[in-house]
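One chain, chain A, appears in both complexes that follow, with chain B as partner in the first and chain C in the second.
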Partner chain A sequence: MAPSTDGPWRLTWRRLRRDRAALAGGLVFALIALACLAAPLWARHVAGTGPEENHLTERVVVDGVPTDVVDLRGTPIGPTWSGRFFLGADSNGRDVMVRLLYGGRNSLLVGLAAALGTIAVGLLLGLLAGYHRGRLDAVVRWALDVIWSLPVVLVGVALGTALALGGLELGPLRIGADSLAIPILVIAVVYVPYLARPVRARALALREREFVEAARAQGMGTARIVFTEVLPNVAPTLVVFLPLLVANAILLEAALSFLGAGVRPPAPSWGTMIAEGEDLIVSAPHLTVVPGLMLVATVLSLNLLGEGVRDALDPRAKVRIGR
Partner chain B sequence: MRKLYGVAAVCLAAVVAAFVLVACGDEGGGTATEGDSSVTIAQASQPDFLDPALSYTVHGWEPMWLVYTPLLTYKREEGEAGTELIPGLAEELPEVSADGKTYRLKLREGLRYSDGTPVKASDFEHTIKRVLSMESGGAAYFEAIEGATEYMEGGKANADISGIETDDASGEITIRLTAPDASFSNVLAMNFAGLVPGDTPFENQTKSPPPGVGPYMFTKSVPNREFVLRRNPRFDEDTIPGVPTAKIETVVTKIVPSVNRQTEQVIANELDFMQEPVAPDLVSEVIERFGPGGSEGQRYKEFPTLSTYFFFLNTQEPPFDDPKVREAVNVGVDRRALARLYAGSLAPGCSFLPPAVPGFDEALNGPECPFGDPNEAPDLERAKRLLREAGAVGAKVTVWGNDTDPTPRVTQAYADQLNKIGFDAEPRILDAGVYFQAIGNRKTKAQTGFLNWFADFPHPLTFFFLFEGSSIQPTNNMNMSMVDDPRVNKGVAALRRETDLESVADRWQDLNRYVVEQDYLVPYGHRKLSTFVSDRIDFENCTVVHPLYNNDYSQWCLKEDE
Partner chain C sequence: MGGSLARFALRRLASMLLVLFAVSVLVFVIFNVLPAGDPAVRMAGKVPTEAQVEAIRAEWGFDDPLPVQYLTMMRKLLTGDVVSYFTQQNVVDEILKGLPRTLSLAVGAAVIWMALAIALGLYTALRAGGVADRLLGALALVGVSLPVFWLGALLSHYLGYRAGIFPGGGYVPLTESPLQWAWHLVLPWTTLAVVFIGVYSRLLRADIIETLGEGHVRTARAKGLSERRVLTHHVLRNSLLPILTLWGLDFGAVLGGGAILTETVFDLQGVGQYAADSIGQLDLPPVMAVTLFGAFFIVVLNTLVEIAHAALDPRVRLEGGSRR
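Now for the complex of A and B:
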């Protein structure tokens, strides 16, 4: 039998296609992402309201009966299963379905951007520390250990709360207190060690390999070696980490928003929606159940996809994020 | 198979995570210790201060009036009887000179603070100095004292206030005012004037509250976590006739941000009392089970308060420096909608003065409200037109609110209503423990935001304090609308002298209507509060709701079988 001529990425894709759980995860995530991207269409053409518009004194017809969106006791209407208030209203009379979709955009945006931020910083630090070793490695390792030793949620809440009042000013860079960039930055920072450490370990191993030695012997500069020889060999690690990082970032965003240190109300996110629904968990359970289910579905689908990618790239590898 | 386990584990973890989010919002409230006359109660946020010179919130005053008794105080009774002044640390009510400018009092003999330090007449001057020098929100009340303004301008904390003379040997205290003030006896009964020892530092003592004279003393204060009141062993029935001793040995107050959790824990008898109104989600259940005639015996009641809920409009910051813009806001705000967020405990209205305070204008709470009947839909078209005429369409506005339920939702609803009129408004929610300090700091330049006001004493002056020009100060400012209107200042100064309040009620009513018509605020209603206690507390015999200080912890007692 002739040996396979497929490249590693094609081989990975072939393996992934055989993993039904991973494909299902990818499909569910894609559907959720598409639905969230279509939020303005639903809001404009179906619900007829924006995510932050209150309808406290309005009435809707449910089963032929005019019903208060929010009654005199402050209890909001449940799902109508029709265009307006499809999934009910929250205590401010806002359409839950519209907020769910817009909230998903915010949650996914924060999750993706934070994960990419983590990858950018973690990759840079990991490669530099692993390839250079010596003092630089010691300093980077020390910094990573410090961040690693702090509880993620606690650090997130502390940073989020501190930055929420006055925003962040770094020279000419000015981030407003209500900006989504705040939770993105906070989450990106706290997850850096989770990526930088394995990248550093991989770079340490790669720098001793023959092809790197050969590149050095040919007189290639450090930067060129790192980006043309080492980086391509670290890429599979990044691919495995990306969906897992996104899933964890979405969860952390939800936790921070729930605790008041993430996305700022009235902007929706799944975490803020759960927090806002907590006070009405008895009389209006849909306010917490609906965003909770979306959160579960998204995180589950990303984890399934991530595990599938990991198995496809290296069936023997073990990747974990979180403690 | 391994993969199946992995999927199951991830599923489980995600579901658990979702529920953990709901469960991990705050710390638990703790359990009342049985058998040792101790109760555990909850507040949703840390009081602004646990220092009598500085605190100016219900969260702070409710516990502190049991620790720091002023020279004068109020009868410990419910209803109108509770608004009657009685001597506190003074032997008698003050002897007021014929011109109404000099007050003479004499300290009771043998008084001691909870730490054993003897109470001296000069402590009164020190107490007032702390209020004036620490830029307390209540400082303006004491500026009527001769020399108070000079003292504040001098900037020396230990300097003398010329209008206060004290004699430690005889216990005599003489206070001279710059002008007659019929409400000054009430001012002397305010929490700010609760005596503290003469060596109490001129700085915030929240972490270690000073001793006072009262049924309770502070024994522990951990900001944002808990504070503890313990029965003052040096206070007995004879110390201040009319002020009862504490029946319960220890009152532990936990900070439990979730009102839902507080309610659930009181229902389950894990907390003995909640300072906040019952959570809207559970109020129907609580009324059914524990209200008057409830299925499980009464331990819940609602009571009206001398309060007004409103949004301030900073008249010195754009865009609300334009009267037309302020009018647009008042016309466009939907007061019915805001009332729904209070789960039936708020009656919509436009009157600044609340019912039962002389000067209250019932007509303003109906069709005669200049902005339209507060019980009807607002005239959005008129509001939009006014805003267009003012050229303020699209004006950026930050709406301030705190995080105590339902205020975040009220703040968001108000911001949305501003947006519907044509503003570009964004809510900004702060922790309730720092809210008043933040918006009361002039550097914040707060444009508009949530405010509620409960009567400090049964007099319209306590409300108009919010709009007197002299109330404006750089920090701890309570005149959030930054109103310095000669007509208000002159009117209040004149009415302040009148001793027969009922005879000038119509003039207060005119002033009430004037501030509403000038759009210095966006009043939206008056609120009922509630008392909800555990089954351990003898609800029928021992829960007293004071008209000014709400729940009187010192009169609580446990049922006999506890």
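Now for the complex of A and C:
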């Protein structure tokens, strides 16, 4: 039987509860996620428009004066701070606030799904290599080292561009080129080495411990030992990595989308919004500033939370994600 | 002694060749095997004609078995025979044109981030727990949370275009005017360095605090060495080595394509921006070539850093074939 894991987790929670910066980070992230989830509510009841609806030729009343949503020189209006076009419009006359919330859904979805994908694959590879050792370990570790030494943007760009034209077809698995699953997959793959390497090191150390040896002596099968003895002891590493992985995945999604190798327009994401906004930064800086601030607030809150979790769970853990 | 270093270097160089091969196979798989659809159509870009596609299919041998296709790709890339079907320009020529620009950006940024990270790391470690330490720690966390391209766009707009203090973008060759060269690169250097300053200063801070608690530092203090000498000879010497190794890896990564975002935002026309512009056109040959050459460069530089590390620290030479 595995020893009860109740103790250390409760201790961690007690420590985390005292860490005000981490709690603030968690709270801010939760609020941002909730706001993005509520995007349809804002779109329907406040803005009265969808994320991909153009209002190029319309006018809106600001301070009693009817104003073009996009004027004759192509400059969109800035924030009205009320109802429609709360944060202004973009060059297609789309409501920035609505796009910001819907874009947040895409950015957060890609970030969370990619981080979970990284954890699934990284855990599998790390446990397999670390517990099995031998030739399998040598091959896996070597392959991880190769990807690990390359910058994440470079590999992400290569994969994202290669898959942007025809999509992916792996046996029964078919993913269209415009699907959100492409950036999710790309980002998940790119970060695998950063998780698999520490997991492998942990598994390697654990397999020599007495309780694992005892399980082997009892005649437990390998799969059962890995799941009931090793996995619970690798779990802290996963928990430390999760918020930081999500933060980095969201940043990478933005970077890839900015370059055109991530979320494909017209679907909004914070990265594509900054990319579209940067062309108009002189006449309409709000198009760049607003999605960027959301991005920074999200990533910073996750980093704060992640640091707190690390300090509470495993203060000596050296976590470096991305190059 | 020299013998063990030579043996280590040989072993590393041999394994480098293997990694180079692996990286090239990775690039081949990413671009030619993994994606769905006809590779010739993909290579031809956005609006290909039937004749173009057939010509590309014959040129790259897309009907051949995969190993032959791989060899064709490598032959074309290594002999510099790859052409963008979108611009009709030779890809390797374009990369060589961008190289000095990318190098200028990377070297300057690397010097800045290393100098500032060491200064900040040392300062915060010596004042650990104080107000300045906590403030700078928070600032470092903000630094690693900033999207590079967003920071760059804002700096270029507000400090460049609006305030007119710095040029908003562009590049002036060093040979033309060293002053203008540096002046144009101040903002790009800063943008690229910010994230690394955040990461490195905190790593160094933790390492220095750990080293300060070690026995040899206590001994050095006990025998009456000045605090300054203890810091430079006993603490920094120990704590800088891991940072230097990391610096080698990251510098290679920045040179090998990691600066793609900074280059694009500041319109430096370096190797990274060449790749970025090609992504917009879905023009595959340049992206493929930049990926391969960037990765090759990183692998070679990493090997050199490892050998240098072994020369500085004899213990490294004994650690068999393992990488750190």
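Heads up, the rule we're going with is that the second predicted complex is superposed on the first by the 316 of 323 C-alpha atoms of A that agree within 3 Å, B and C clash if a C-alpha of one lies under 4 Å from a C-alpha of the other, contacts with A are read in each partner's own complex, and residues count from 1 in each chain.
Please note the rule applied: a contact is a pair of C-beta atoms (placed from the backbone, for glycine too) under 8 Å apart; a residue touches a chain by one contact, two chains touch by 3 or more.
Just so we're clear, the structure is a prediction, and the values are computed from it rather than from any experiment.
Aligning the two structures on chain A places chain B and chain C in a clash.
Look at A:Leu280: by the touch rule set out above, it reaches chain B but stays clear of chain C.
By the touch criterion defined above, A:Leu159 reaches chain C but does not reach chain B. In the superposed model, A:Leu251 lies in contact with both chain B and chain C. When both complexes are overlaid on chain A, the residue A:Val190 reaches neither chain B nor chain C. When the two structures are aligned on the shared chain, A:Ser91 is found in touch with chain B, with no touch to chain C. In the superposition on chain A, A:Pro265 makes contact with chain B only, not with chain C. Judged by the touch definition given at the top, the superposed model places A:Leu295 against both chain B and chain C.
Look at A:Val140: by the touch rule set out above, it reaches neither chain B nor chain C. When the two complexes are overlaid on their common chain A, residue A:Glu307 makes contact with chain B and with chain C alike. On chain A, the patch touched by chain B and the patch touched by chain C overlap at residues 165, 251, 254-255, 258-260, 274, 278, 281-282, 288, 292, 295-296, 299-300, 303-304, 307. Interface residues of chain B, counted against chain A in their complex, comprise 3, 6-7, 10-11, 14-15, 17-19, 21-22, 24-25, 258-260, 279-285, 334, 336-338, 340-344, 377, 403, 405-406, 408-409, 412-413, 415-417, 419, 426-430. Chain contact summary for the complex, chain A toward chain B: residues 21, 52-54, 56-57, 70-75, 91-93, 165, 177-178, 251, 254-255, 258-260, 264-266, 271, 274-276, 278-284, 288, 292-293, 295-296, 299-300, 303-304, 307. Listed in rising order, the residues of chain A touching chain C in the complex are 142-143, 145-147, 149-151, 153-155, 157-170, 174, 247, 251, 254-255, 258-261, 274, 278, 281-282, 285, 288-289, 292, 295-296, 299-300, 303-304, 307, 318, 320, 323.
Chain C makes touch with chain A in their complex at residues 19, 22-23, 26-27, 30-31, 34-38, 41-42, 141-142, 144-150, 153-154, 157, 161, 199, 203, 249-250, 252-254, 256-258, 260-261, 264-265, 275-276, 278-280, 282, 284, 287-288, 290-291, 294-295, 298-299, 302, 323.
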